[in-house]
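Both complexes below contain chain A, partnered by chain B and then by chain C.
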Partner chain A sequence: MKLLKRFWKRLSTPSKAAAGVVLLMGFIGGLLFWGAFNTGMEATNTEEFCSGCHAPIVKEIRETIHYSNRSGVRAICSDCHVPHNWTDKIVRKVQASKELAFHFIGTIDTDEKFKERRGHLAHREWQRMKDNNSQECRNCHQFDYMDFSEQGPRAVSQHSTALAAGDKTCVDCHKGIAHKLPDMRDVAGWQ
Partner chain B sequence: MSTLEYVIWHILGYAAMPVIILGGFTAIAAVCIGILSVTKDKQLD
Partner chain C sequence: MKNIMMALVAASALLFGAVQAENADTQADTNPGGIGGVGSLRGMSEIETTRPADDFKRFPKDHHLESSYVYQPPLVPHTIRNYEVSLNANKCLSCHSWKNAKEMGATKISVTHYVNRQEQVLSDVSPRRYFCLQCHVPQADAKPLVDNNFQSVDSLR
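Entry: the complex of A and B
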(Lines of atoms letter the chains of each structure in order from A and count residues from 1; the text may use other names and numbers.)
(Lines give C-alpha, C1' and ligand atoms only; values in the text may rest on other atoms or scores of the structure.)
Protein backbone atom coordinates (compact mmCIF):
# COMPACT_ATOMS: atom_id res chain seq x y z
CA MET A 1 0.00 0.00 0.00
CA LYS A 2 2.85 2.34 0.90
CA LEU A 3 4.51 1.50 -2.38
CA LEU A 4 1.29 2.33 -4.25
CA LYS A 5 1.04 5.65 -2.42
CA ARG A 6 4.61 6.53 -3.33
CA PHE A 7 3.91 5.50 -6.93
CA TRP A 8 0.80 7.68 -7.05
CA LYS A 9 2.66 10.60 -5.50
CA ARG A 10 5.35 10.31 -8.13
CA LEU A 11 2.64 10.17 -10.81
CA SER A 12 0.86 13.25 -9.44
CA THR A 13 3.95 15.34 -8.70
CA PRO A 14 5.24 17.25 -11.71
CA SER A 15 8.76 16.40 -12.73
CA LYS A 16 11.26 19.06 -13.61
CA ALA A 17 11.83 17.28 -16.90
CA ALA A 18 10.23 19.04 -19.85
CA ALA A 19 6.78 17.84 -20.87
CA GLY A 20 8.21 16.89 -24.26
CA VAL A 21 10.77 14.59 -22.63
CA VAL A 22 8.07 12.88 -20.55
CA LEU A 23 5.86 12.50 -23.60
CA LEU A 24 8.74 11.10 -25.65
CA MET A 25 9.54 8.58 -22.92
CA GLY A 26 5.92 7.48 -22.85
CA PHE A 27 5.80 7.25 -26.63
CA ILE A 28 8.99 5.22 -26.91
CA GLY A 29 8.00 3.08 -23.93
CA GLY A 30 4.60 2.42 -25.52
CA LEU A 31 6.21 1.43 -28.79
CA LEU A 32 8.62 -0.91 -27.02
CA PHE A 33 5.85 -2.50 -24.94
CA TRP A 34 3.55 -3.00 -27.91
CA GLY A 35 6.37 -4.30 -30.08
CA ALA A 36 7.49 -6.75 -27.41
CA PHE A 37 3.92 -7.89 -26.73
CA ASN A 38 3.13 -8.52 -30.38
CA THR A 39 6.50 -10.16 -31.01
CA GLY A 40 5.82 -12.50 -28.11
CA MET A 41 2.34 -13.26 -29.37
CA GLU A 42 3.60 -13.87 -32.91
CA ALA A 43 6.24 -16.25 -31.48
CA THR A 44 3.34 -18.44 -30.35
CA ASN A 45 2.06 -18.48 -33.94
CA THR A 46 5.10 -20.20 -35.41
CA GLU A 47 5.21 -23.79 -36.58
CA GLU A 48 8.07 -24.50 -34.19
CA PHE A 49 5.91 -23.44 -31.24
CA CYS A 50 2.93 -25.53 -32.40
CA SER A 51 5.22 -28.52 -32.99
CA GLY A 52 6.09 -28.45 -29.29
CA CYS A 53 2.87 -30.37 -28.61
CA HIS A 54 1.38 -31.20 -32.01
CA ALA A 55 4.45 -32.52 -33.83
CA PRO A 56 2.68 -35.47 -35.55
CA ILE A 57 0.00 -33.31 -37.18
CA VAL A 58 2.38 -30.50 -38.07
CA LYS A 59 4.35 -33.04 -40.16
CA GLU A 60 1.23 -34.18 -41.99
CA ILE A 61 0.70 -30.85 -43.74
CA ARG A 62 3.87 -31.50 -45.79
CA GLU A 63 1.94 -33.96 -47.94
CA THR A 64 -0.82 -31.50 -48.78
CA ILE A 65 -1.40 -28.63 -51.20
CA HIS A 66 -1.36 -26.16 -48.32
CA TYR A 67 2.37 -26.89 -47.90
CA SER A 68 3.66 -27.28 -51.44
CA ASN A 69 1.92 -26.13 -54.61
CA ARG A 70 2.51 -24.60 -58.02
CA SER A 71 2.29 -20.99 -56.77
CA GLY A 72 4.62 -21.37 -53.78
CA VAL A 73 2.11 -19.90 -51.33
CA ARG A 74 1.86 -21.93 -48.16
CA ALA A 75 -0.14 -21.92 -44.97
CA ILE A 76 1.31 -22.50 -41.52
CA CYS A 77 -0.63 -23.71 -38.47
CA SER A 78 -1.70 -20.26 -37.28
CA ASP A 79 -3.05 -19.26 -40.71
CA CYS A 80 -5.85 -21.81 -40.27
CA HIS A 81 -6.08 -22.23 -36.49
CA VAL A 82 -5.69 -18.70 -35.11
CA PRO A 83 -8.06 -15.85 -36.04
CA HIS A 84 -6.30 -13.02 -37.87
CA ASN A 85 -8.16 -10.03 -36.44
CA TRP A 86 -6.70 -8.83 -33.14
CA THR A 87 -9.65 -9.16 -30.76
CA ASP A 88 -10.55 -12.71 -31.82
CA LYS A 89 -6.86 -13.61 -31.73
CA ILE A 90 -6.57 -12.46 -28.10
CA VAL A 91 -9.66 -14.46 -27.15
CA ARG A 92 -8.15 -17.53 -28.83
CA LYS A 93 -4.81 -17.00 -27.11
CA VAL A 94 -6.46 -16.69 -23.72
CA GLN A 95 -8.43 -19.84 -24.45
CA ALA A 96 -5.16 -21.55 -25.41
CA SER A 97 -3.96 -21.09 -21.82
CA LYS A 98 -6.08 -24.16 -21.06
CA GLU A 99 -4.16 -26.06 -23.73
CA LEU A 100 -0.92 -25.06 -22.02
CA ALA A 101 -2.21 -26.67 -18.83
CA PHE A 102 -2.89 -29.89 -20.79
CA HIS A 103 0.65 -29.67 -22.18
CA PHE A 104 2.14 -29.58 -18.69
CA ILE A 105 0.07 -32.53 -17.47
CA GLY A 106 1.07 -34.47 -20.61
CA THR A 107 -2.34 -35.10 -22.15
CA ILE A 108 -0.92 -35.77 -25.64
CA ASP A 109 2.78 -36.24 -24.92
CA THR A 110 3.02 -39.66 -26.58
CA ASP A 111 1.90 -40.88 -30.02
CA GLU A 112 -0.57 -43.29 -28.41
CA LYS A 113 -2.17 -40.58 -26.27
CA PHE A 114 -2.31 -38.27 -29.29
CA LYS A 115 -3.96 -40.89 -31.51
CA GLU A 116 -6.51 -41.62 -28.83
CA ARG A 117 -7.40 -37.94 -28.49
CA ARG A 118 -7.17 -37.03 -32.15
CA GLY A 119 -10.89 -37.38 -32.86
CA HIS A 120 -11.78 -35.14 -29.92
CA LEU A 121 -9.30 -32.45 -30.99
CA ALA A 122 -10.52 -32.57 -34.59
CA HIS A 123 -14.18 -32.29 -33.58
CA ARG A 124 -13.44 -29.24 -31.42
CA GLU A 125 -11.58 -27.52 -34.22
CA TRP A 126 -14.26 -28.30 -36.81
CA GLN A 127 -16.90 -26.91 -34.48
CA ARG A 128 -14.84 -23.77 -33.83
CA MET A 129 -14.48 -23.19 -37.56
CA LYS A 130 -18.14 -23.89 -38.18
CA ASP A 131 -19.10 -21.37 -35.49
CA ASN A 132 -17.00 -18.60 -37.05
CA ASN A 133 -18.16 -19.43 -40.60
CA SER A 134 -14.71 -20.79 -41.53
CA GLN A 135 -13.18 -17.37 -41.12
CA GLU A 136 -9.62 -18.67 -41.38
CA CYS A 137 -10.39 -20.35 -44.75
CA ARG A 138 -12.00 -17.16 -46.02
CA ASN A 139 -8.95 -15.06 -45.16
CA CYS A 140 -7.47 -16.49 -48.38
CA HIS A 141 -10.36 -18.18 -50.23
CA GLN A 142 -12.93 -15.48 -50.91
CA PHE A 143 -16.26 -16.65 -52.24
CA ASP A 144 -16.89 -13.43 -54.18
CA TYR A 145 -13.83 -14.04 -56.33
CA MET A 146 -14.37 -17.75 -57.02
CA ASP A 147 -14.38 -18.51 -60.74
CA PHE A 148 -16.84 -21.39 -61.09
CA SER A 149 -15.61 -22.02 -64.64
CA GLU A 150 -12.29 -23.13 -63.12
CA GLN A 151 -13.94 -25.55 -60.66
CA GLY A 152 -15.06 -29.14 -61.10
CA PRO A 153 -18.80 -29.92 -61.48
CA ARG A 154 -19.18 -31.21 -57.91
CA ALA A 155 -17.48 -28.14 -56.45
CA VAL A 156 -19.63 -25.80 -58.55
CA SER A 157 -22.84 -27.54 -57.52
CA GLN A 158 -21.96 -27.21 -53.81
CA HIS A 159 -20.41 -23.75 -53.88
CA SER A 160 -23.16 -22.18 -55.96
CA THR A 161 -25.92 -23.53 -53.73
CA ALA A 162 -25.10 -24.49 -50.13
CA LEU A 163 -22.09 -22.19 -49.70
CA ALA A 164 -23.68 -19.27 -51.54
CA ALA A 165 -26.84 -19.52 -49.45
CA GLY A 166 -24.89 -19.80 -46.21
CA ASP A 167 -26.40 -23.20 -45.40
CA LYS A 168 -22.95 -24.75 -45.26
CA THR A 169 -19.54 -23.39 -44.51
CA CYS A 170 -16.13 -24.45 -45.87
CA VAL A 171 -15.24 -26.88 -43.09
CA ASP A 172 -18.52 -28.77 -43.47
CA CYS A 173 -17.03 -30.43 -46.56
CA HIS A 174 -13.32 -29.61 -46.49
CA LYS A 175 -12.23 -31.75 -43.56
CA GLY A 176 -8.81 -33.37 -43.52
CA ILE A 177 -7.35 -31.02 -46.14
CA ALA A 178 -4.16 -30.43 -44.17
CA HIS A 179 -4.13 -33.41 -41.80
CA LYS A 180 -5.11 -37.05 -41.80
CA LEU A 181 -8.70 -37.63 -40.81
CA PRO A 182 -9.56 -39.28 -37.50
CA ASP A 183 -12.17 -42.00 -37.21
CA MET A 184 -15.09 -40.45 -39.12
CA ARG A 185 -17.81 -42.93 -38.17
CA ASP A 186 -19.56 -40.47 -35.86
CA VAL A 187 -19.41 -37.51 -38.25
CA ALA A 188 -22.82 -36.65 -39.66
CA GLY A 189 -23.07 -36.70 -43.45
CA TRP A 190 -19.63 -38.21 -43.90
CA GLN A 191 -19.31 -41.32 -46.10
CA MET B 1 -17.18 -26.42 -27.10
CA SER B 2 -20.24 -25.96 -24.96
CA THR B 3 -22.06 -22.62 -24.83
CA LEU B 4 -20.95 -22.10 -21.23
CA GLU B 5 -17.32 -22.73 -22.14
CA TYR B 6 -17.67 -20.39 -25.13
CA VAL B 7 -19.08 -17.61 -22.92
CA ILE B 8 -16.43 -18.09 -20.22
CA TRP B 9 -13.53 -17.89 -22.69
CA HIS B 10 -14.99 -14.85 -24.42
CA ILE B 11 -15.44 -13.02 -21.11
CA LEU B 12 -11.87 -13.90 -20.10
CA GLY B 13 -10.56 -13.00 -23.55
CA TYR B 14 -12.23 -9.61 -23.70
CA ALA B 15 -11.30 -8.92 -20.07
CA ALA B 16 -7.66 -9.63 -20.95
CA MET B 17 -7.55 -6.77 -23.45
CA PRO B 18 -7.87 -3.85 -20.98
CA VAL B 19 -5.62 -5.76 -18.55
CA ILE B 20 -2.92 -5.96 -21.24
CA ILE B 21 -3.27 -2.29 -22.19
CA LEU B 22 -3.51 -0.94 -18.65
CA GLY B 23 -0.77 -3.31 -17.46
CA GLY B 24 1.48 -2.04 -20.21
CA PHE B 25 0.67 1.55 -19.32
CA THR B 26 1.44 0.91 -15.66
CA ALA B 27 4.69 -0.86 -16.45
CA ILE B 28 5.83 1.91 -18.79
CA ALA B 29 4.78 4.57 -16.27
CA ALA B 30 6.75 2.81 -13.52
CA VAL B 31 9.86 2.56 -15.71
CA CYS B 32 9.60 6.21 -16.83
CA ILE B 33 9.06 7.41 -13.26
CA GLY B 34 12.01 5.33 -12.18
CA ILE B 35 14.20 6.93 -14.85
CA LEU B 36 12.98 10.42 -13.99
CA SER B 37 13.58 9.74 -10.30
CA VAL B 38 17.24 9.08 -10.97
CA THR B 39 17.67 12.82 -11.25
CA LYS B 40 15.99 13.15 -7.82
CA ASP B 41 13.99 16.19 -8.84
CA LYS B 42 11.04 15.37 -6.56
CA GLN B 43 10.58 15.76 -2.84
CA LEU B 44 8.31 12.87 -1.87
CA ASP B 45 8.65 13.06 1.89
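Entry: the complex of A and C
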Protein backbone atom coordinates (compact mmCIF):
# COMPACT_ATOMS: atom_id res chain seq x y z
CA MET A 1 0.00 0.00 0.00
CA LYS A 2 2.77 2.32 0.96
CA LEU A 3 4.58 1.41 -2.20
CA LEU A 4 1.50 2.17 -4.28
CA LYS A 5 1.09 5.54 -2.63
CA ARG A 6 4.66 6.44 -3.30
CA PHE A 7 4.34 5.36 -6.90
CA TRP A 8 1.21 7.46 -7.34
CA LYS A 9 2.92 10.47 -5.78
CA ARG A 10 5.78 10.04 -8.13
CA LEU A 11 3.45 10.02 -11.13
CA SER A 12 1.39 12.97 -9.93
CA THR A 13 4.16 15.33 -8.89
CA PRO A 14 6.10 17.24 -11.48
CA SER A 15 9.38 15.65 -12.48
CA LYS A 16 12.57 17.20 -11.24
CA ALA A 17 14.29 16.28 -14.48
CA ALA A 18 14.34 18.82 -17.28
CA ALA A 19 11.54 18.71 -19.83
CA GLY A 20 14.04 17.85 -22.56
CA VAL A 21 15.25 14.78 -20.69
CA VAL A 22 11.67 13.60 -20.10
CA LEU A 23 10.87 14.14 -23.77
CA LEU A 24 13.98 12.27 -24.84
CA MET A 25 13.13 9.37 -22.53
CA GLY A 26 9.62 9.30 -23.96
CA PHE A 27 11.02 9.37 -27.48
CA ILE A 28 13.45 6.51 -26.85
CA GLY A 29 10.77 4.53 -25.03
CA GLY A 30 8.42 5.03 -27.94
CA LEU A 31 11.04 3.91 -30.41
CA LEU A 32 11.79 0.78 -28.40
CA PHE A 33 8.12 -0.05 -27.99
CA TRP A 34 7.32 0.49 -31.65
CA GLY A 35 10.35 -1.51 -32.79
CA ALA A 36 9.51 -4.41 -30.50
CA PHE A 37 5.85 -4.35 -31.55
CA ASN A 38 6.63 -4.36 -35.23
CA THR A 39 9.30 -7.04 -34.92
CA GLY A 40 6.87 -9.20 -33.00
CA MET A 41 4.23 -8.71 -35.61
CA GLU A 42 6.62 -9.48 -38.44
CA ALA A 43 7.62 -12.67 -36.62
CA THR A 44 4.01 -13.85 -36.80
CA ASN A 45 4.12 -13.35 -40.57
CA THR A 46 6.90 -15.80 -41.32
CA GLU A 47 6.40 -19.17 -42.95
CA GLU A 48 7.95 -20.92 -39.93
CA PHE A 49 5.38 -19.37 -37.63
CA CYS A 50 2.47 -20.46 -39.83
CA SER A 51 3.91 -23.97 -40.17
CA GLY A 52 3.85 -24.27 -36.39
CA CYS A 53 0.16 -25.13 -36.60
CA HIS A 54 -0.67 -25.39 -40.31
CA ALA A 55 2.24 -27.58 -41.47
CA PRO A 56 0.27 -29.81 -43.88
CA ILE A 57 -1.42 -26.84 -45.55
CA VAL A 58 1.81 -24.91 -45.84
CA LYS A 59 3.29 -27.89 -47.72
CA GLU A 60 0.54 -27.84 -50.33
CA ILE A 61 1.88 -24.71 -51.96
CA ARG A 62 5.11 -26.42 -52.98
CA GLU A 63 3.88 -27.85 -56.26
CA THR A 64 2.17 -24.65 -57.35
CA ILE A 65 3.51 -21.74 -59.38
CA HIS A 66 3.50 -19.48 -56.34
CA TYR A 67 6.25 -21.59 -54.80
CA SER A 68 8.43 -22.78 -57.67
CA ASN A 69 8.68 -21.10 -61.03
CA ARG A 70 11.18 -19.98 -63.63
CA SER A 71 11.91 -16.55 -62.20
CA GLY A 72 12.18 -17.44 -58.52
CA VAL A 73 9.67 -14.91 -57.27
CA ARG A 74 7.49 -16.49 -54.64
CA ALA A 75 4.70 -15.78 -52.22
CA ILE A 76 4.62 -16.91 -48.60
CA CYS A 77 1.49 -17.46 -46.50
CA SER A 78 1.23 -13.91 -45.23
CA ASP A 79 1.52 -12.40 -48.71
CA CYS A 80 -1.94 -13.75 -49.50
CA HIS A 81 -3.56 -14.24 -46.10
CA VAL A 82 -2.54 -11.08 -44.23
CA PRO A 83 -3.41 -7.64 -45.61
CA HIS A 84 -0.38 -5.47 -46.31
CA ASN A 85 -2.05 -2.20 -45.45
CA TRP A 86 -1.23 -1.43 -41.81
CA THR A 87 -4.70 -0.85 -40.34
CA ASP A 88 -6.18 -3.82 -42.19
CA LYS A 89 -3.28 -5.90 -40.98
CA ILE A 90 -3.96 -5.00 -37.34
CA VAL A 91 -7.65 -5.81 -37.78
CA ARG A 92 -6.79 -9.20 -39.28
CA LYS A 93 -4.26 -9.92 -36.52
CA VAL A 94 -6.85 -9.19 -33.86
CA GLN A 95 -9.29 -11.50 -35.63
CA ALA A 96 -6.60 -14.13 -35.62
CA SER A 97 -6.70 -14.22 -31.84
CA LYS A 98 -10.00 -16.05 -32.24
CA GLU A 99 -8.19 -18.60 -34.37
CA LEU A 100 -5.66 -18.98 -31.56
CA ALA A 101 -8.50 -19.94 -29.22
CA PHE A 102 -9.66 -22.60 -31.69
CA HIS A 103 -6.09 -23.84 -31.87
CA PHE A 104 -6.10 -24.44 -28.11
CA ILE A 105 -9.51 -26.14 -28.20
CA GLY A 106 -8.09 -28.30 -30.97
CA THR A 107 -10.78 -27.72 -33.59
CA ILE A 108 -8.63 -28.90 -36.50
CA ASP A 109 -5.79 -30.70 -34.76
CA THR A 110 -6.22 -34.00 -36.62
CA ASP A 111 -6.32 -34.74 -40.35
CA GLU A 112 -9.91 -35.91 -40.17
CA LYS A 113 -11.09 -32.83 -38.30
CA PHE A 114 -9.26 -30.62 -40.75
CA LYS A 115 -10.76 -32.33 -43.79
CA GLU A 116 -14.18 -31.99 -42.25
CA ARG A 117 -13.72 -28.27 -41.75
CA ARG A 118 -11.72 -27.48 -44.85
CA GLY A 119 -14.75 -26.34 -46.83
CA HIS A 120 -15.79 -23.94 -44.09
CA LEU A 121 -12.30 -22.48 -43.80
CA ALA A 122 -11.92 -22.10 -47.57
CA HIS A 123 -15.29 -20.41 -47.96
CA ARG A 124 -14.41 -17.94 -45.22
CA GLU A 125 -11.13 -17.04 -46.89
CA TRP A 126 -12.78 -16.69 -50.32
CA GLN A 127 -15.41 -14.42 -48.82
CA ARG A 128 -12.71 -12.30 -47.18
CA MET A 129 -10.88 -11.96 -50.50
CA LYS A 130 -14.11 -11.13 -52.30
CA ASP A 131 -14.96 -8.45 -49.74
CA ASN A 132 -11.65 -6.66 -50.15
CA ASN A 133 -11.63 -7.06 -53.96
CA SER A 134 -8.78 -9.60 -53.85
CA GLN A 135 -6.45 -6.99 -52.44
CA GLU A 136 -3.77 -9.54 -51.61
CA CYS A 137 -3.65 -10.75 -55.22
CA ARG A 138 -3.49 -7.19 -56.47
CA ASN A 139 -0.55 -6.34 -54.26
CA CYS A 140 1.53 -8.10 -56.91
CA HIS A 141 -0.80 -8.65 -59.88
CA GLN A 142 -1.80 -5.12 -60.77
CA PHE A 143 -4.58 -4.89 -63.29
CA ASP A 144 -3.33 -1.64 -64.81
CA TYR A 145 -0.11 -3.30 -65.93
CA MET A 146 -1.64 -6.48 -67.36
CA ASP A 147 -0.65 -6.90 -71.00
CA PHE A 148 -3.59 -8.60 -72.67
CA SER A 149 -1.51 -9.29 -75.77
CA GLU A 150 0.65 -11.58 -73.64
CA GLN A 151 -2.31 -13.52 -72.28
CA GLY A 152 -4.09 -16.50 -73.78
CA PRO A 153 -7.32 -15.81 -75.66
CA ARG A 154 -9.46 -17.29 -72.87
CA ALA A 155 -7.73 -15.21 -70.21
CA VAL A 156 -8.16 -12.04 -72.27
CA SER A 157 -11.86 -12.61 -72.76
CA GLN A 158 -12.38 -12.87 -69.03
CA HIS A 159 -9.92 -10.23 -67.82
CA SER A 160 -10.91 -7.55 -70.31
CA THR A 161 -14.61 -7.88 -69.50
CA ALA A 162 -15.74 -9.09 -66.10
CA LEU A 163 -12.54 -8.20 -64.26
CA ALA A 164 -12.10 -4.84 -65.97
CA ALA A 165 -15.70 -3.90 -65.24
CA GLY A 166 -15.36 -4.92 -61.62
CA ASP A 167 -18.18 -7.47 -61.86
CA LYS A 168 -15.80 -10.17 -60.74
CA THR A 169 -12.68 -10.21 -58.67
CA CYS A 170 -9.61 -12.47 -58.92
CA VAL A 171 -10.73 -15.03 -56.37
CA ASP A 172 -14.06 -15.61 -58.13
CA CYS A 173 -12.21 -17.72 -60.69
CA HIS A 174 -8.77 -18.33 -59.21
CA LYS A 175 -9.62 -20.66 -56.34
CA GLY A 176 -7.25 -23.25 -54.95
CA ILE A 177 -4.24 -21.73 -56.69
CA ALA A 178 -1.98 -22.49 -53.74
CA HIS A 179 -3.92 -25.21 -51.94
CA LYS A 180 -5.91 -28.35 -52.54
CA LEU A 181 -9.61 -27.65 -52.94
CA PRO A 182 -12.47 -28.56 -50.63
CA ASP A 183 -15.66 -30.11 -51.98
CA MET A 184 -16.58 -27.80 -54.90
CA ARG A 185 -20.02 -29.22 -55.61
CA ASP A 186 -21.93 -26.08 -54.72
CA VAL A 187 -19.39 -23.49 -55.80
CA ALA A 188 -20.38 -21.30 -58.74
CA GLY A 189 -18.46 -21.91 -61.94
CA TRP A 190 -17.28 -25.37 -60.95
CA GLN A 191 -18.29 -28.65 -62.52
CA MET B 1 50.62 -51.90 -17.86
CA LYS B 2 48.12 -54.67 -18.17
CA ASN B 3 45.28 -52.13 -18.30
CA ILE B 4 46.91 -50.16 -21.08
CA MET B 5 47.42 -53.34 -23.09
CA MET B 6 43.79 -54.26 -22.66
CA ALA B 7 42.66 -50.80 -23.75
CA LEU B 8 44.91 -50.94 -26.82
CA VAL B 9 43.60 -54.37 -27.82
CA ALA B 10 39.99 -53.23 -27.36
CA ALA B 11 40.54 -50.08 -29.41
CA SER B 12 42.23 -51.91 -32.26
CA ALA B 13 39.48 -54.54 -32.28
CA LEU B 14 36.90 -51.78 -32.60
CA LEU B 15 38.81 -50.09 -35.40
CA PHE B 16 39.27 -53.38 -37.25
CA GLY B 17 35.54 -54.07 -36.97
CA ALA B 18 34.68 -50.67 -38.34
CA VAL B 19 37.01 -51.09 -41.30
CA GLN B 20 35.53 -54.53 -42.02
CA ALA B 21 31.99 -53.15 -41.93
CA GLU B 22 33.00 -50.38 -44.33
CA ASN B 23 34.43 -52.88 -46.79
CA ALA B 24 31.33 -55.04 -46.73
CA ASP B 25 29.14 -52.04 -47.59
CA THR B 26 31.05 -50.85 -50.59
CA GLN B 27 31.85 -54.11 -52.28
CA ALA B 28 29.58 -54.87 -55.18
CA ASP B 29 30.27 -58.57 -55.18
CA THR B 30 28.59 -59.01 -51.82
CA ASN B 31 25.31 -58.71 -53.70
CA PRO B 32 24.43 -62.39 -54.09
CA GLY B 33 22.26 -61.92 -57.20
CA GLY B 34 24.84 -59.84 -59.04
CA ILE B 35 24.32 -56.20 -59.89
CA GLY B 36 22.26 -56.58 -63.03
CA GLY B 37 23.72 -55.24 -66.24
CA VAL B 38 20.62 -55.69 -68.34
CA GLY B 39 20.61 -53.63 -71.50
CA SER B 40 17.49 -51.62 -72.27
CA LEU B 41 16.41 -48.45 -74.06
CA ARG B 42 17.65 -46.52 -71.07
CA GLY B 43 21.12 -48.07 -71.38
CA MET B 44 22.69 -50.61 -69.06
CA SER B 45 20.82 -50.78 -65.81
CA GLU B 46 23.00 -51.81 -62.94
CA ILE B 47 21.34 -52.07 -59.58
CA GLU B 48 24.05 -50.27 -57.67
CA THR B 49 24.52 -47.30 -59.94
CA THR B 50 21.99 -44.53 -60.14
CA ARG B 51 21.80 -42.79 -63.48
CA PRO B 52 21.21 -39.03 -63.27
CA ALA B 53 17.62 -38.20 -64.10
CA ASP B 54 16.74 -36.68 -67.47
CA ASP B 55 15.56 -33.10 -67.61
CA PHE B 56 11.84 -32.58 -67.32
CA LYS B 57 10.06 -32.36 -70.65
CA ARG B 58 8.39 -29.07 -71.41
CA PHE B 59 4.67 -28.80 -71.94
CA PRO B 60 3.79 -26.14 -74.55
CA LYS B 61 1.32 -23.61 -73.17
CA ASP B 62 -1.09 -23.92 -76.06
CA HIS B 63 -0.70 -26.00 -79.19
CA HIS B 64 -2.70 -27.85 -81.80
CA LEU B 65 -2.84 -31.64 -81.63
CA GLU B 66 -4.23 -33.93 -84.30
CA SER B 67 -5.82 -37.30 -83.63
CA SER B 68 -3.91 -40.33 -84.88
CA TYR B 69 -6.67 -42.91 -85.01
CA VAL B 70 -10.44 -43.15 -84.96
CA TYR B 71 -11.97 -43.17 -81.46
CA GLN B 72 -8.83 -41.71 -79.92
CA PRO B 73 -9.64 -39.71 -76.81
CA PRO B 74 -8.78 -36.15 -77.87
CA LEU B 75 -5.47 -34.93 -76.44
CA VAL B 76 -5.22 -31.98 -74.09
CA PRO B 77 -3.69 -29.11 -76.10
CA HIS B 78 -2.83 -26.86 -73.15
CA THR B 79 -0.89 -27.00 -69.89
CA ILE B 80 -2.74 -28.45 -66.95
CA ARG B 81 -0.26 -27.66 -64.23
CA ASN B 82 -1.92 -27.79 -60.81
CA TYR B 83 -5.37 -28.51 -62.26
CA GLU B 84 -7.03 -30.55 -59.54
CA VAL B 85 -9.05 -33.59 -60.54
CA SER B 86 -10.05 -35.30 -57.33
CA LEU B 87 -13.06 -36.36 -55.34
CA ASN B 88 -13.50 -32.74 -54.26
CA ALA B 89 -12.99 -30.83 -57.45
CA ASN B 90 -12.66 -31.28 -61.20
CA LYS B 91 -10.94 -28.35 -62.84
CA CYS B 92 -11.49 -29.75 -66.35
CA LEU B 93 -15.24 -29.64 -65.93
CA SER B 94 -15.17 -25.99 -64.90
CA CYS B 95 -14.60 -25.26 -68.60
CA HIS B 96 -15.51 -28.41 -70.53
CA SER B 97 -18.75 -29.44 -68.82
CA TRP B 98 -21.91 -28.78 -70.78
CA LYS B 99 -22.91 -26.21 -68.21
CA ASN B 100 -19.75 -24.12 -68.58
CA ALA B 101 -18.42 -24.88 -72.06
CA LYS B 102 -20.37 -22.24 -73.93
CA GLU B 103 -19.44 -19.40 -71.61
CA MET B 104 -15.79 -20.45 -71.53
CA GLY B 105 -15.54 -21.08 -75.27
CA ALA B 106 -14.24 -24.58 -74.63
CA THR B 107 -14.95 -27.91 -76.29
CA LYS B 108 -17.90 -29.72 -74.75
CA ILE B 109 -17.25 -33.20 -73.45
CA SER B 110 -18.73 -35.95 -75.60
CA VAL B 111 -22.26 -37.22 -75.00
CA THR B 112 -20.80 -40.67 -74.36
CA HIS B 113 -19.64 -39.32 -70.99
CA TYR B 114 -23.22 -39.01 -69.85
CA VAL B 115 -23.96 -42.71 -70.22
CA ASN B 116 -23.41 -45.20 -67.43
CA ARG B 117 -22.40 -48.79 -67.96
CA GLN B 118 -26.00 -49.95 -68.10
CA GLU B 119 -26.28 -47.61 -71.10
CA GLN B 120 -28.65 -45.32 -69.22
CA VAL B 121 -28.34 -41.65 -70.10
CA LEU B 122 -27.68 -39.54 -67.02
CA SER B 123 -28.22 -35.85 -66.35
CA ASP B 124 -24.58 -35.26 -65.44
CA VAL B 125 -21.16 -36.75 -66.12
CA SER B 126 -21.11 -40.45 -65.40
CA PRO B 127 -18.88 -41.35 -62.45
CA ARG B 128 -16.93 -43.75 -64.66
CA ARG B 129 -15.97 -40.81 -66.89
CA TYR B 130 -15.16 -38.39 -64.09
CA PHE B 131 -11.39 -38.79 -64.04
CA CYS B 132 -10.61 -37.07 -67.34
CA LEU B 133 -6.86 -37.60 -67.23
CA GLN B 134 -7.16 -41.37 -67.40
CA CYS B 135 -7.79 -41.01 -71.14
CA HIS B 136 -7.13 -37.38 -72.07
CA VAL B 137 -3.49 -36.46 -71.64
CA PRO B 138 -1.38 -33.42 -72.46
CA GLN B 139 1.57 -33.90 -74.80
CA ALA B 140 5.07 -32.90 -73.80
CA ASP B 141 7.49 -31.54 -76.35
CA ALA B 142 9.42 -34.85 -76.54
CA LYS B 143 10.86 -36.97 -79.30
CA PRO B 144 9.77 -40.64 -79.43
CA LEU B 145 12.30 -42.98 -77.80
CA VAL B 146 11.97 -45.52 -80.57
CA ASP B 147 11.52 -44.91 -84.29
CA ASN B 148 8.27 -46.20 -85.69
CA ASN B 149 6.44 -46.00 -88.99
CA PHE B 150 2.91 -45.61 -87.71
CA GLN B 151 0.60 -43.84 -90.13
CA SER B 152 -2.85 -42.61 -89.31
CA VAL B 153 -5.80 -43.74 -91.40
CA ASP B 154 -6.65 -41.81 -94.54
CA SER B 155 -9.60 -39.99 -93.03
CA LEU B 156 -7.40 -38.45 -90.35
CA ARG B 157 -4.44 -37.58 -92.50
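In this text, the second predicted complex is superposed on the first by the 179 of 191 C-alpha atoms of A that agree within 3 Å, B and C clash if a C-alpha of one lies under 4 Å from a C-alpha of the other, contacts with A are read in each partner's own complex, and residues count from 1 in each chain.
Following the convention adopted for this analysis, a residue touches a chain if its C-beta (ideal position, glycine included) is under 8 Å from a C-beta of that chain, and two chains touch if they have at least 3 such contacts.
Everything quoted here is computed from the prediction, not taken from an experiment.
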Contacts of A:K180 with chain B and chain C, given as first, second, both or neither: second
First, second, both or neither for A:I65, with chain B first and chain C second: second
Partner chain in contact with A:V22 - chain B first, chain C second, else both or neither: first
Partner with the higher number of touched chain A residues, chain C or chain B: B
Partner chain(s) touched by A:S157 [first = chain B, second = chain C, both, neither]: second
Contacts of A:A43 with chain B and chain C, given as first, second, both or neither: neither
Contacts of A:G189 with chain B and chain C, given as first, second, both or neither: second
List of chain A residues in touch with chain B within their complex: 6-7, 9-11, 13, 15-17, 22, 25-26, 29-30, 32-34, 37, 87, 90-95, 124, 127-128, 131
Chain B - residues contacting chain A, complex: 1, 6, 9-10, 12-14, 16-17, 20, 24-25, 27-33, 35-37, 39, 41-42, 44
Chain A to chain C touching residues, read off their complex: 63-65, 152-154, 157, 176-177, 180-184, 189-191
Contacting residues of chain C [partner chain A, same complex]: 61-62, 78, 81-82, 84, 86-90, 93-95, 97, 99-100, 104-106
